[in-house]
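One structure, as structure tokens, below. Some questions next.
Read from first to last, the chains carry the letters A, B and C; within each, the first residue is number 1.
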Amino acid sequence: MTATATSARSDLSELGRSETALRAFLHGLPGVDQVGAEQRAAQLGTRSIKTTAKAQAIDLAIRMVDLTTLEGADTPGKVRALAAKALRPDPADPSCPHVGAVCVYPSMVPYAAEVLRATGPGRPSDGPGPGSATGRPSDGSEPAGGAAPTGLGGVHLASVATAFPSGQAPLEVKLADTRAAVEAGADEIDMVINRGAFLAGRYGEVYDEIVAIKDACGGADAGRQGRPRAHLKVILETGELATYDNVRRASWLAMLAGGDFIKTSTGKVPVAATLPVTLVMLEAVRDFRAATGRQVGVKPAGGIRTTKDAIKYLVMVNETVGPDWLDPDWFRFGASSLLNDLLMQRTKLKTGVYAGPDYFTLD
Amino acid sequence: MFEYAPAPESRSVVDIKPSYGLFVDGTFVDPTDGGSFKSINPASEEVLAEIAEGGSQDVDRAVRAARKAYEQVWGPMPGRDRAKYLYRIARIIQERSRELAVLESLDNGKPIKESRDVDLPLVAAHFFYYAGWADKLGYAGFGPDPKPLGVAAQVIPWNFPLLMLAWKIAPALATGNTVVLKPAETTPLTALLFAEICQQADLPAGVVNIVTGAGETGRALVEHPGVDKIAFTGSTEVGRAIARAVAGSRKKLTLELGGKAANIVFDDAPVDQAVEGIVNGIFFNQGHVCCAGSRLLVQESVAETVLESLKRRMARLRVGDPLDKNTDIGAINSAAQLARIRELTDAGAAEGAQQWSPPCELPERGFWFAPTIFTGVTQAHRIAREEIFGPVLSVLTFRTPAEAVEKANNTPYGLSAGIWTEKGSRILWMADRLRAGVVWANTFNKFDPTSPFGGYKESGYGREGGRHGLEAYLNV
Amino acid sequence: MSERVAVRKTYKLFIGGKFPRSESGRSYLVQDSNVSLASRKDARDAVIAARAAVRGWAGATAYNRGQILYRVAEMLEGRREQFVALGVPGDEVDAATDRWVWYAGWSDKLPQVYGGANPVAGPYFNLSAPEPTGVVAVVAPEAPALLGLVSVIAPAIVSGNTVVVSASPAAPLAAVTLAEVLATSDLPGGVVNILTGRHAETVPTLAAHMDVNAIDLTGVTDPELAADLEVKAAENLKRVLRPADHDWSGDPGLGRMTWLLETKTVWHPKGV
């Protein structure tokens, strides 16, 4: 528990150099009692969020949605429609905020970028612009000619790279995948960790790969400009990690290797995001910031379909890590159908009448 | 900042009458001398109802009714029929649980979250569990045909009014006894609603009698010569007085009294769950819990981290309206209890311990005490020895497992203890040595009708719950 | 030729595995012998010895305690004639020996019969197991001198309690002789301590003693004394066994063992 035990900032940057040190560190983290963690998550789930608090939560949740389509059947048309919806989720209500990001396969990035960029800067945006002062710590000046997020109307463009969802491809392929997505305009890369290596205890391998992808997030300029153009979300695929102890270790491993976000799931295995898994990850980012001073975001993805679910996550963020993370820069929902439910609930709150799915766009 | 809007549970679900009589022989009756007292809502000091105060004649009437019911109806009744009445009661409690939960929170001050999610489910489960025993007593290990004792006098506290009622009445009835129960004077309302449930269940008259009142009523009940069994839950002081009062009599006595439990956190604990366990251990039910983990024993090497996490967590506790669904800590049950908490915390500060509470706004009316921890506490401090029965945690440190055991056992009490460590063999080593009736390892304040509960040493004798709980009501 | 002059025995107390005289230096004449007349301080010393023995005895394995109780039976069997010479009927000695054998077998079965897993409604391992309550003061019955004594000592110690016994004032020789049996039976010192003398002198001290966990009033014949002792016992909430008529020849049942047990219930979550 050395890492969390200290309130003084620690330099953990050397850990990645030695497999032994990395293992000792990860196995020295405090354990997670499954029953206790699940009970805490369930307790937070009983919070009753009503009226003004609910309205506030719904708008925040909309701004946190990574509106996602990751199907083999995705087409440019589908992606364009999705990007349009991301910008203007409820065309009938201009006060409705835009979502946090659009999330697509690398081959679909140009089509999404085309829609998002066309809207140009200065679009109404409820959220702080990406790269704003309160925003990400690694953001400074955007590289010239890069896919500056501000060019995307406030909506980020995320792409799942690294041979998503299995991650079973040679490193070179994954790096090329990543660079291509960045070059095509993605400003967020969602990578998957090598679960096989992690479960086999080859933490160094997992670490090195994350470092390499993080480097590739600089696109073709990687290593020259010295500054990544895209943020890295590291998918732990918690459904395959089997224990919360592993989730905690994988979270720390991803953060130590430079991940800007840790994300639960690809959405392509039977168990996706859950409240207790997210709780363990939130505790990890909280402890990591206490130890290093660096704040890392969290993204539960998959299986979050209703407003009620989303609000439970927001309550959990609020009561576990506090308001610092209650911002699209630090918390996202990887979801597709969630957005429409949020919109329906939003309308219900405004009008007092229950909404129906026919009144919200399908994309 | 994400502020939760008020989310009050509706109190319209429960209909509180302006006044209540005593429940004797199946009906509500006025007390002989007409005395009464008021039950108030401790969160607002609003009067909820006028309650009859039972005198010695009323107690006598209730004991006679119970005796008659024991001899003529309940004693001779086959176990399978007693079982069906208890199952009925369990079902009615489930059906009316929201009403009972709201009433409990109004009268006691506990958060609706707890009365709804903890007390009421356990109450129903307790009746359901003991219902099943009624026709199986011959298999309980007390001989082929164990007999009931007769009339049970039961005196219960105000911290879990309905749950303590269930712990007392369910096993007593299952084994064939009849009861006269005295609820605490600050929390009589759910017991009186339970009396209505008995009527609704068509429970034969006199099997359950509820006599409301304060200490004198309880004394009259305990000392009544027609009583065969006394079950008491409450303070060690009163328990001692009852033990003296029954000396030389044939009355069988079980006592569930105070505690000063150690919650022991080792350096290899699952720290986030341990912090939850500490919070649950001492702030659950405003700390009005006899088995509360009121002494935190934390290994020196992690004391700072654990305290830091604990304070951060305490800052998230929501203190306020018990009926708000998001309230974590409700009102202190009475002005007297609040005074007691203040007296002991003042003593803690005066004796040099450092007091800390998160910033929290307390309502103006009603009885409130912010969640509090004391650090720099030693075994010699009053706050480390005396039961505070409030949301106040004393933090002590230790260096080795043996020292933790020694400090944990260094108290006249022995009700419960907590151990937090990821090392299995250490849990078992510790559990063997802790002199406490319930040991929670990597969890705290868990209850179940199948699980025996009760103390060592001055925390009382006898067990409630499980097969063991039958013994208190059988002539064995 | 003169007849051999017999060596007479001095009957002393049995405290902490040793045979001291009363610290008061007093004795009384009973059963044609001078027997130590125990004082309040002897009672106090006996409690200290009993308390000191708790950790080792309660911590011993049940198998070990069972073997030692069985060893007591073996030793008693060998001394049958000695008890007969004191006036204990031979069949009473046999019954007392058999009682030790019966209780010896309970040491490792009582926790199984009296404890067990509880099926709680949640993801928890939950086990109740009995433990000894600690130091027990015992007022031995007046009669039968040996069987009555064995019938109150054996059930108390089989589970790991230690005892301070106030022996029958009128027939203490069987008690002191039993002490000699115990002293040669691998029973650790202090597990059984025997005081001879007057109940009225030592038992109130034991009843009021704050380091005694339970008191067995079986041998108290005066109801007023019994009530007074119970009042004293309430001070630290001792477990109390009230006086009652006993048929010492019948099946003892579990009651004399279980009233001296504390049930400890341990919870632990089940998770990965």
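Everything that follows uses one rule, which is that a residue touches a chain if its C-beta (ideal position, glycine included) is under 8 Å from a C-beta of that chain, and two chains touch if they have at least 3 such contacts.
Chain-to-protein mapping (UniProt): A = Deoxyribose-phosphate aldolase; B, C = Aldehyde dehydrogenase.
Nothing here was measured: the structure is a model prediction, and the numbers come from that model.
Chain contacts here are complete: no pair of chains fails to touch.
The pair with more inter-chain C-beta contacts, choosing from A-C and A-B, is A-B. A simple rule picks the central chain: find each chain's mean C-alpha point, then take the one closest to the mean of all protein C-alpha atoms, which gives B.
Among the remaining chains, the Cα-based centre furthest from that of chain C (Aldehyde dehydrogenase) is the centre of A. Averaged C-alpha coordinates give centres for chain B (Aldehyde dehydrogenase) and chain C (Aldehyde dehydrogenase) that are 36 Å from one another.
Centres computed as Cα averages put chain A at a distance of 70 Å from chain C (Aldehyde dehydrogenase).
Centroids built from CA atoms put chain B (Aldehyde dehydrogenase) at 45 Å from chain A. Residues of chain A in contact with at least two other chains: 33, 35-36.
Under the contact definition stated at the top, the residues of chain C (Aldehyde dehydrogenase) that touch 2 or more other chains are 122, 124, 269. Each of residues 442-443 in chain B (Aldehyde dehydrogenase) touches at least two other chains. Within the complex formed with chain A, the residues of chain B (Aldehyde dehydrogenase) that make contact are 1-7, 113, 117, 267-273, 276-277, 302, 304-305, 308, 316, 325-326, 422, 442-443. Per the touch definition, chain A reaches chain C (Aldehyde dehydrogenase) in the complex via residues 33-36, 38, 242-243. By the touch rule above, chain B (Aldehyde dehydrogenase) contacts chain C (Aldehyde dehydrogenase) in their complex via residues 125, 141, 236, 239-240, 243-244, 246-248, 250, 255, 257, 412, 414, 427, 431, 436-443, 446, 448, 450-454, 456-458, 460-461, 463, 466, 468, 471, 476.
Contact residues of chain C (Aldehyde dehydrogenase) toward chain B (Aldehyde dehydrogenase) in the complex are 113-114, 118-122, 124, 126, 128, 133, 213, 223-224, 226-228, 230-231, 233-237, 239-240, 242, 255, 258, 262-269.
Chain C (Aldehyde dehydrogenase) contributes residues 122-124, 269-272 to its touches with chain A in the complex.
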